[in-house]
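Below are structures written as structure tokens.
You will see two complexes here that share chain A, one where it goes with chain B and one where it goes with chain C.
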Partner chain A sequence: MTGRLFPVIQTGAFIVLALVLCSLIFAAVGLSATGTLAAIIDGAFFRPNALNHILRWGLPLLITAVGVVISFRAGYFNIGAQGQFYLGAICAAFAAEWLRGSPAFVAVPACLLAGMAGGALWALWPALLRVKAGADEVITTMMGNFIAAQLLVHVTSGPLKDPSGSGQQASSRPVDAAWRISESSGSSPVIIILAGLVVMLGWWLVNRTSFGILSGLAGRNPVMVTWQGAKVQRIAVSAFVLSGALAGLAGSVELLGPNGRLASGFLPDHGFTAILIALVAGMSIVAAGFIALFFGALTSSGLWLPIMTGLPSAAIDIIHASIALFITAKAGALRALLTWFRR
Partner chain B sequence: MNRDHLHQEAGASAPALTAEAVTVRYGDVTALGEVSARFEPGRIHAVLGQNGAGKTTFARVAAGLVQPAEGSIAVFGQALAGGNVAEARGAGVELVHQSFALPPSFTVAEVLQFVGPRPGLFTRQGIERYWQAWLDGLGLGLDAGARIRDLPIEMQQSAEIARAMVSDARLLILDEPTAVLSPEGTERLFTRVRELRGKGVTVMLVLHKIREVLAIADTVTVLRGGRLVAGPLEARDLTAESLAELIIGETAARLDAADRAALVGAGAQQHDEHSRPDTPPALVLRAVSTSPHSGGKGLNDVNLSIRGGEIVGIAGVEGNGQRELVAAIAGLDPLTSGEISLADKRMDKAPLAARRDAGLRVIPFERNVEGLSLSSPLWENWSAAQLVGGALLAPVSPRALRQSAEKAFRAWDVRFSDAGQPAGSLSGGNAQKVILSREMDSGAKLILAAQPTRGLDIGATMAVWKALREARNDGAGILLVSSDLDELFDICDRIVVMVSGQAVAEFTAPWDIQAVGRAMTAAGRQSAQEARS
Partner chain C sequence: MEDLIVAFLRSGTPLVYVALAGVIAQRAGIWHLGLEGMMITGACATIVGIVLAQSVVVGLVAGALFCCLLAVLFWFVVEVLKANQIIAGLGLTGLGLGGTALALTAIFGSEAAVSAPFGLPRIGPAFGAFGGLSVLVAAMPFVILACWLLLCRTRFGLRLAACGEHPFAARATGVNPAKMRLVALLLGGPLCALGGAELAAGSLQIFSVNMTAGRGFMSFAAVIFGAGHPVGATLAAFFFALVGALGIRAQLAYGDRIPSSLLLALPYVATVIGLWISARIRGGNAVSSRELGQQ
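What follows is the complex of A and B.
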């Protein structure tokens, strides 16, 4: 039992440590350390409607993060979640444009599937470059992020441009109100069910299928799996495509849900936060679910911070990154202490 | 030169190496426990013991690579703090490792120039002339202009020895120098070592074969399980039998004659007849060629047939196509021409999964890289073989897999506490048994066993040999690749010698050690000459 509990306690301890350290850093730039910490926690968990906000930010992150976990477990450092997320949103927006006028029960699933296909395609080409030509997926997926961001600028100011739009930010025409799967500032049962399905399917895939065990082995030692006769290339491409499809799904959820339209440069940190979640979760799908909700809470608190404390909302990015840093570096001293404590 | 001379004068009376209660621990493992010994200068000292006895650790302590947890080391009377190569080198110690580390693209002269004391500008011809004269003085038979990568293994070793001698080493330590050599190459190495002794160099050889120790050493020191058993003893007072007792210790009584002879390298000649001429071939290679690997040679027109119930050994100096042979049979290297049949089915292009279905099993060369995923749980390592044939989305029950794995581990006497523990937490012998439990099931028709006993202690080695014999008796064909001729002589029904990617000769018992040795080196010298010209 302690074997399972230990990583949970450890992760919790690192999160607390990161929060404390970050508030000390904020204190160093002249803010009240306890005040900021309190404001972050208050903004995350104790505002009216806090749960709705946590789910609004946490669930799309969760969907993307589950995909990232799947590719990381297989040993592929797909850091293109952001680009795959954008491609998902773009493809879903095109689908919405083409299906204009059709009923919601046709259009919504079609848009979600289009999003998954878009994200999957945006993961497929780095996967093929990796297995056929040995191109490092870190480089290709990162370049894919830039291309996807420019593609988003292009479609929102070109093919999908909202002619009535006059703001500084180019955006597409809003999706049909009947197709929206949530309000602008909250979550909804549809998104909760989708996220639940993603976690369940992800968990099943990782823990109860041949793919899960072989990809876990391949992630740690691809040579060994090759000598066992597994088709490592097929495992690699599957893992890439799955993770891209889930990021694309998150993109279409954001489009049909809270965003309601495609805006140039929207949610620029989504994919990277999902990568941090996957790192913190340490290859576990269930853990990724919880961490995603926690990071979602911090993100929603980030919107609150500038009003309450004068901290920019980017401060939340610092906290996210510090948590991931602590977890991945497994800060030696604390780890030793915890190990000692476990005895 | 003058300074060196003084050095020698000062150290003349002191022992070349003195170890006082040296203890080395790696984590919880005590690699060396309170080893004390004195080695006289100007002699050839052998350090002998089984794998895992602590020989290499001892050599590394003397060379300053490892700092002992307790105890002290002195070289020619000069105490070393330990763990500092520069200091040990300053005192006159050089270690030649088991695996070589010279830059492949350098010429011998460039290597020596790089590590040597001559600073300043130079020309290629200049350094080649200078170092050729120096090499000729050492009698190593090296060509200063040859590139390291073009040298055969034996000559690479000579280059390593030359590299060590540049710094005027007075104590030269060679770690398992014969492991990569053919019997003839070993003879030539010993001649060179004797010449070095003639020049006043103290040589310490880490060895594990009794025959070799008795051929070369002036004194013998035996380690077992990290402890000093005896030594340095005068070699002329020792016999193969008495050394065998020292090396193996109390377990000696439990070994049968053949295993014992193979373990101590006394050259087993006994042999039981097991071949079954009537059984169909488990493996047939017809004129198989593959393209060269990075740094290696591809297979060249290899014909080989293995029947069920037969162990065929592949002998040869390492790097002569053994790896390529195993990879080709496993389907991991594409054939450029030729045919492969497994259990009477053509498998020229079949993937490994299909070959496994046909009864192929592989015990790969690199246990910790190709055989196991060290950071993954034991049961996952074991299950991989069951899963690769099926669909990726096939549902699996971790609990059932875990139970079957545990059952297999118990049948193979794997010492483990939990099937969920990472494979890397097992000792080498236990890890190998995990691989055996996975690869040697009842469906095995052809087992590729590549260096299956390398780095294992006696108990584990015996377990592997027993398993191979049993699988043979159950009708499986076995291809055993080993660089240990004694192992091959002990266990094989036939031995095929590989040189430069070709199967050049085939032998059956009774073995003619000299003829096998000649076959291993014959073409090797040819290619060395080609490289030089």
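What follows is the complex of A and C.
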């Protein structure tokens, strides 16, 4: 089989397996498996204005997923996309607060840059702990997610609290209407161009620069790359910081775009979904572009399900989790399974 | 002082049970990031069992069975299909969190928190201020001792460690690492269920969606901090619990001056610091134990 086709078939096969597991779980809790899956697909692709919803959820996910691809390719499991996304949104919100009254062409780029800086900083400390002390980045970035969530609660109920807000969910003052880069309900040319730029620059970085080639090699065999004289630690820190910056950019896009304000606990599954996108795309930036739109459709369907059909939105979480469970499985292992049983 | 110790034991015991499950898996060479999902499954099954069957035993048995089911699924994915342990573990956690939410909706019609009429049996007023603690707290020292004996003083424990450290050597002596890992994960299932049961029914008698709030991951961090040793992991889990209990104390005392959400973040910060310290102690090179474990 050709080298490119096999991974695609393997990925597809395991996604089917994941959907079988989902159907079993749906059946176990008394939902109709086919009916639920049909409703999810219906909500994802065939609702009114579906394309707008897909772009609205898919493009920020795509930006974060490109960052995840960069760090995973370098061999580092940066699970902290969620925390970096939150820190990006928090820093962008602070920038928006300080720049209140300045014109949009100053404020919008400044907020986006502040978001990138915030995400990058939230990825920097796990990176330093990893390369300087050897502390495992899976757990440190995971704890970073929980700390960032508490920071978000603190910021939205403390320094940036909206005094007029009366809802149950604490939130910040809304961003100046002139600075919004999209409507509340959808996407806009600015976000599309931004996501397109991120994909192009990400593709170039991964496939056409020495950093991309070396980080890909370091992800597979760090010892060899060290012996060849490359500075693995520098590659590691750069990969972390880049992925954090992109997650932070997604956070500031969400703040200036569809959300318009900071709410405590907003989009709690963003980081995990972005990791799934990177894995399903097989660490390819171009593929991530398409896969992100698919997961964006699933996410929008998850919000639509409880309203329109009364199905619980946890059904989408189950689909995501099952895909995560199976996506890194290897088809060759099935043959090993047969020999194991025969023995 | 006494109520601080009670709070400390209450928050520490679930972590210890789950961390012991993580230690057994870690010794067999599995990075068990699915602990969180198994813990919340145990918590949910216990409360649902108490509510529906009016029996703690039914709840505990159901929790243990569901956790063992998840353990087999996890074993199938990482050992037979050779999936990445970290990603598959996160998937298992997502399955537990989403599955319990779905189960609540299916049984009670909404995702609202469920409270049980009674919880685990308490150790009784004979123990004074500690009488409100559940029997699982009292059983904990014996469980730790049993784990230590099993892992560090038996032939089985030695073989398990061999499967984790050098599977080829284990295979050469006739031990099947795949089977040993299945046994390790199955041993961890009931332990996770007990941890979840203590969390949900030990003092609160309530189950809500996402109630574990990262405690499973914290237990996993305790496994790493404790160098994969049952006693070390127990001490690490109690360290995290102590920081959490002190944070709650500080919230009561200085709640008007220090934001409470930042105090709630303290256990996670302590976990990061604990990992940093343990990495420094272990010689701190850039190659972490994960790569070494997955040779």
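In the analysis below, the second predicted complex is superposed on the first by the 307 of 343 C-alpha atoms of A that agree within 3 Å, B and C clash if a C-alpha of one lies under 4 Å from a C-alpha of the other, contacts with A are read in each partner's own complex, and residues count from 1 in each chain.
Here, a residue touches a chain if its C-beta (ideal position, glycine included) is under 8 Å from a C-beta of that chain, and two chains touch if they have at least 3 such contacts.
None of the values given here were measured: they were computed from a predicted structure.
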Three-chain arrangement built on chain A, chain B and chain C clash or fit: fit
Now for A:L113: first (chain B), second (chain C), both, or neither, which partner does it touch? neither
For A:P312, using the defined touch cut-off, is the partner it touches chain B, chain C, both, or neither? Pick first, second, both or neither. second
Once chain A of both complexes is superposed, is A:G229 in touch with chain B (first), chain C (second), both, or neither? first
Considering only the touch criterion stated at the top, classify A:I213 as touching first (chain B), second (chain C), both, or neither. first
Across chain A, the partner (chain B or chain C) reaching more residues is C
Touch check for A:L129: first (chain B), second (chain C), both, or neither? second
Is A:A38 in contact with chain B, with chain C, with both, or with neither (first, second, both, neither)? neither
A:V286 in the overlay: touching chain B, chain C, both, or neither? Say first, second, both or neither. neither
Superposed on chain A, how close does chain B come to chain C by Cα atoms? Whole Å, please. 5
Seen from chain A, its contact residues with chain C in the complex are 14, 25-26, 29-31, 77, 79, 129-140, 142-144, 146-147, 150-151, 153-154, 157-158, 222, 232-233, 236, 272, 275, 279, 312, 314-315, 317-318, 320-330, 332-334, 336-337, 340
Residue positions on chain B within touch of chain A in the complex are 330-332, 351-353, 355-356, 362, 364, 366, 369-376, 380-381, 383-385, 387-398, 401
So in the complex, which bits of chain A are touching chain B? 205, 207-214, 216-217, 220-221, 223-231, 234-235, 238
Partner chain A, residues of chain C touching it in the complex: 31, 33, 73, 77, 80-84, 86-88, 90-95, 97-99, 101-103, 105-106, 111, 178, 213-214, 217-218, 220-221, 224, 259, 261-262, 264-265, 268-269, 271-272, 275-276, 278-280, 282-290
